[in-house]
Amino acid sequence: MSEINKVVLAYSGGLDTSVILKWLQDNYQCEVVTFTADIGQGEEVEPARKKAVSLGIKPENIYIDDLREEFVRDFVFPMFRANAIYEGEYLLGTSIARPLIAKRQIEIANRVGADAVSHGCTGKGNDQVRFELGYYALKPDVKVIAPWREWDLLSREKLLNYAEANGIDISNKRNGGSPYSMDANLLHISYEGTVLEDPAREPEESMWLWTTSPENAPNEAEYVELEYAGGDIVAINGHAMSPAAVLTELNRLGNKHGIGRLDLVENRYVGMKSRGCYETPGGTIMLKAHRAIESITLDREVAHLKDELMPKYANLIYTGYWWAPERKMMQQMIDASQASVNGWVRLKLYKGGVYVVGRDSADSLFDARIATFDEDGGAYNHADAAGFIRLNALRMRIAAHHRQLKK
Amino acid sequence: MSEINKVVLAYSGGLDTSVILKWLQDNYQCEVVTFTADIGQGEEVEPARKKAVSLGIKPENIYIDDLREEFVRDFVFPMFRANAIYEGEYLLGTSIARPLIAKRQIEIANRVGADAVSHGCTGKGNDQVRFELGYYALKPDVKVIAPWREWDLLSREKLLNYAEANGIDISNKRNGGSPYSMDANLLHISYEGTVLEDPAREPEESMWLWTTSPENAPNEAEYVELEYAGGDIVAINGHAMSPAAVLTELNRLGNKHGIGRLDLVENRYVGMKSRGCYETPGGTIMLKAHRAIESITLDREVAHLKDELMPKYANLIYTGYWWAPERKMMQQMIDASQASVNGWVRLKLYKGGVYVVGRDSADSLFDARIATFDEDGGAYNHADAAGFIRLNALRMRIAAHHRQLKK
Amino acid sequence: MSEINKVVLAYSGGLDTSVILKWLQDNYQCEVVTFTADIGQGEEVEPARKKAVSLGIKPENIYIDDLREEFVRDFVFPMFRANAIYEGEYLLGTSIARPLIAKRQIEIANRVGADAVSHGCTGKGNDQVRFELGYYALKPDVKVIAPWREWDLLSREKLLNYAEANGIDISNKRNGGSPYSMDANLLHISYEGTVLEDPAREPEESMWLWTTSPENAPNEAEYVELEYAGGDIVAINGHAMSPAAVLTELNRLGNKHGIGRLDLVENRYVGMKSRGCYETPGGTIMLKAHRAIESITLDREVAHLKDELMPKYANLIYTGYWWAPERKMMQQMIDASQASVNGWVRLKLYKGGVYVVGRDSADSLFDARIATFDEDGGAYNHADAAGFIRLNALRMRIAAHHRQLKK
Amino acid sequence: MSEINKVVLAYSGGLDTSVILKWLQDNYQCEVVTFTADIGQGEEVEPARKKAVSLGIKPENIYIDDLREEFVRDFVFPMFRANAIYEGEYLLGTSIARPLIAKRQIEIANRVGADAVSHGCTGKGNDQVRFELGYYALKPDVKVIAPWREWDLLSREKLLNYAEANGIDISNKRNGGSPYSMDANLLHISYEGTVLEDPAREPEESMWLWTTSPENAPNEAEYVELEYAGGDIVAINGHAMSPAAVLTELNRLGNKHGIGRLDLVENRYVGMKSRGCYETPGGTIMLKAHRAIESITLDREVAHLKDELMPKYANLIYTGYWWAPERKMMQQMIDASQASVNGWVRLKLYKGGVYVVGRDSADSLFDARIATFDEDGGAYNHADAAGFIRLNALRMRIAAHHRQLKK
């Protein structure tokens, strides 16, 4: 075990990270600095302060930040510019929050002169990778403490016993708490574990915490109009909004209309398949809308190039390489493509569905004059198509001709 | 105008191709062979025989084929093995039917000794390309007659006048008929033209011919279980079915539950953007289900490789390169990946939505023993993750270290 | 034939474009503006002025520009940042010059108020595409006149007769001139046609005009040191040089040492295969050196991403899409990667070969401390590799385990 | 340390693996089975038997195989079908041998009932990964012993002392032996370490063991003709040969003419950059020739697809994923493309250079009738190019037009 002087812990205020806090003090005899972020997980962050104090953390070592605007502006929005989806389905809700927390932890570590950082992720998941790749990329010589990979508190029982023995409140934990392992932020909430570990079995309705079920969603559809500038949503139904306000409002709409539930089996970076359920109400709306505004404002080949690179980009985010140079390099290309992605998209929301029903833009490349079935006044010469086809077919004709000759 | 002896015309029996039939006889003084295929467009094909006869076609020159099984087995199913989507949305319903018709036309041309083929596509669309690339790839020296690129009947009025003058029935056409340009087959029905040429405007409910609107769909969800073998659906709810029967049944379910409507602006191969509306009820269900069965049966990197190549594959089909060697080469790789894609997927269908609620397979690579949050008896060594992360981070640590030294 | 008022012709001063000049005057009764560029083809450009005057062009309608610096700085160097090679071999020497000429022609057309542009490319080659895609991208409503696709002077004999009849000097042309169709600029010279049309046959030594044969090259190797800044060569053997001077000097060295001959069969954009021979002395040196400087200054994944995109980028240039948005978008990503590509590379040149023998950089990511076989003082933990390998193998182990269970 | 019963060691007979052999016996008290392969490294393998016996290995536990034919036929040739190059330069000589050795070790482990395998690779290199990914993919529960990651014999001195103390012959080792870490097989020989760890410094001429220097190579060029069937070389200068004989003969030719030296800095899978020098005489010839035969026999888009996938394929081999499903899936596609890759290529070899001077094939898609500059009797219609270009330009024209309108 290496020598540690001061460690910055990503601290939620919950049971697990409280146990980690104590365990760090005990095992490393080091000063612990706690960092708690509001990234829109929907829980108060201030209670974490009292809890940290009660566990012996000095007030000046307690950091609590509201990162919601930064989260959406600098992480969620750039990712949606790429139409990123992992394995055809997953909107990367957990993945995209980790690099921000890692970055802030390192900033604090630099400020307080800490030589280590720590998190509460298990040794089987993706999140440990996402946090630690961020740590190492931003502070190459930092020491990383991942208690779940080091300690022996590997069963729930042992953890609770340790907590009790160390004066950590475990009321309502012995026989309660959620059966799921959950993660939440302004983009999504996720569920894993227990009964979900059988992919053949449908999750219970009660599991879903954010969205109304499609069945209980309003019987009347609702229309919403999103305004885009530079690939990002800047107004909803005519009201200009900050990035976090945009996502908050889209979540409200999505939750109301039962939008964004997902049940899937995904491939983790550490090598196994894992079943997860996700609610991404606002994100589901944004993906659909962003493709719609791009459909009229992006050049075809630019759009296709983005599509071809998207799986790689999504994979980089899923596996934790937000701070890697190749992600930044791809982002530069993606961002460059978005200059013309301006205009509006109108959507219909109804019982789990998001339907594009209109889109327009001053930068639209849709040219009714040319697209029309009616006469176009010579804007398009039909005869051109014959040459276009014949030359595109030439290599196949030559090959077919040779095959015939060989027979 | 080149010398033509005999031409095989893709003949629907409708007004446009009847006019073409007549025009071919008049302009090329050649024998016309008609070919009418049932690919599930939902209209009777036999009436085309009477019509052809009435336009002077010899009975032995009339070919009418039911290609529904071949269409689904050899074209639709292979394409769905690739999870093909064009521009993030379009399920390629029109595109995938063209290569089959082209192939059959060429087979007939070879049998009857025709030196030319003809179709009724306009000079602005993708379909002319898809047909003709197929023709040229399969019969390199064939002559292609595309009347819409040659004649002067470019307005509706001129066309109707020509028809009337040539004894072609135009009752119900002068002031009637659909305002949309439509295409249908067992996979989908599409709408283009007229009011759709304004992408800002929502299509009227009356346009959609196949699906119930989500609003009018049943208030109760329906569950359906699909069984896969080698990447294809072989049974629904326990009943073994042929490929065409599978798609027919999924269309029935999708239509009933309002599934598969799509309104988009796409980029045509000939260079302009175009607005289209599509109903792909069964296909929408199949795409979702296929991803689900792959999620437990495919290796991660195989799945990712498929995802990275998918846009290119979809583009090949969209642009008409089904018979090109690169499409066949990709298909071989895709098909090879499907050997293990066996098992079942359970879906919930509700008011426009398709939700995966369960999946299992004897070939499942989901390993509950390793994926579990509980203790796994040593199947997975948590400590391995530390080394995994540290080596994956190494290049970024070295770079960050150098940046620090340079400051 | 459409109405033309004024046309800007890419005019070399040679026989073919002189005939075109005359033919344009005759056929279109339009004013002709000539444009002659020095892009390093190695021929004087001023004689073109006298020739143009003699063919009736007004002095103010004659444009002659030295574009060598712009060519290398804005076209050749950006392309080499991408390590672009077409079909594994071709360094794109002809392709990269076309977009510059097209751009300059359009600039002149805009200045003189011309409504058309014209070039001397045949209807079978890539160059017509490269020119015209540039024209259309930069001036969408320009009229393009491609005489070789329009006129009937398709044999050498007819062309010479037309020239003679119109007072164009054809001395030394009847039974002389090169048997090859050639193109040259500061980056390369190419040969096509006649005996080369048999790919089985070796070209004669006398064909190669620029390079000494490897056999006749000096018996002593020569060392040269190239200095890079931002991915471009800025100095040779310690002497700072402009882009065009760099390429001129590398050509001198390459020609002397027999470097850069290439004999290949390539796939043209218009669909056929074509045999070409190329001399790219300086470019061959640059490609090798650029990879070497990148090898120590680029992150691994950035380099791999560049490699994966390179074929697409090279294809865009080969097919004439320099001015297309997708090329520009890729360029932004490529250029962004080059900020750290600084340092020097030492090469050995010997009888056709270019050998990298040393490279270093203040931005080097080569870390001798970690790369060493000797003890590294703990910079690298060998044990990390075990976990790295085990997690990378996990998916394959799970799959193999399942295969064993199924047996 | 886990319980081991029997271990199969990849045994070269050299000092390092002899020490490992002894160390395995000592530390694991287990039975050791040695496996020595002739993969063309150029050293006798039989002496390894005597050495193994002298170290106490039972004769029935000694496996010595000549794998040269299998190596070239099933590993080298398939890889060359892909034109695989890592990072633009490296021909993967070391990488491609590892999966074969791993496979054979596992076969032996299964036959003798061993529960473990072991190799002599260090903890910093790629080879440990390549071996172990192979082991795990083929025998998922095998135990892997990597002594260099476990023991404390990390300096040369300690190793020699351990050897001496255990009766292993170290004559000529104390102050002798090569200063380089080397690897050799029928495809190549490599050098790493010591003075090479400064990438700025040119290696000494004496380092290169296989090839004549270009300077000392014959002053006369030599021509060689290679015959291909299905993408593989089957005859040289008219003599049919087995795969290993082909590579042996090409090595002879390459060595004689100074072909295939390479000095580079590469990115290792474990995260650091490393300098290596390579001699790949026959492989360098094969790569050039394979591209040439493909240039006339492959469809353009098939060739381009192969080029786009090549970096990924090469990376898979470099990083040790030969036995992974995604490599096999890609191989199926690559192999499928090679059916038409038949014919011959003539090369000129001269002082380090390989020049293609001719190629022909009964499957050639080069069509002189169409490629010619002379009249082609109507095989190609020049006018087609105008439409081809105009439609390819259409999206750019529309965009440019909109930009003009917005000004």
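First chain written, first letter: the chains are A, B, C and D, and each begins at residue 1.
Criterion: a residue touches a chain if its C-beta (ideal position, glycine included) is under 8 Å from a C-beta of that chain, and two chains touch if they have at least 3 such contacts.
What you are looking at is a predicted structure, and each value in this text was computed from that prediction instead of being measured.
Between chain B and chain D, the least number of touch steps comes to 1. Of the two chain pairs shown, C-D and A-C, the one joined by more C-beta contacts is C-D. Per-chain CA centroids place chain B at a distance of 40 Å from chain C. In whole angstrom, the spacing between the mean C-alpha positions of chain C and chain D is 31. In whole angstrom, the spacing between the mean C-alpha positions of chain A and chain C is 42. Touching two or more other chains at once are residues 267, 270-272, 299-301, 304, 312, 324-325, 364-365, 367, 370, 380, 383-386, 388, 390-396, 398-399, 401 of chain D.
Within the complex formed with chain A, the residues of chain D that make contact are 299-301, 362-365, 367, 370, 380-381, 383-388, 390-392, 394-396, 398-399, 401-402, 406.
Across the complex, chain D is touched by residues 267, 270-272, 299, 301-302, 304-305, 312, 321, 324-326, 328-330, 332-333, 336-337, 391-395, 398 of chain B.
Chain B contributes residues 83, 87-89, 122-124, 128-129, 132-133, 136-141, 146, 148-149, 154-155, 181, 192-194, 197-203, 214-215, 219, 221, 261, 263-267, 270-275, 291-292, 295-296, 300, 303-304, 307-308, 311-312, 315, 323-325, 346, 348, 350-353, 355-360, 364-368, 370-375, 380, 382-386, 388-390, 392-393, 396-401, 404 to its touches with chain A in the complex.
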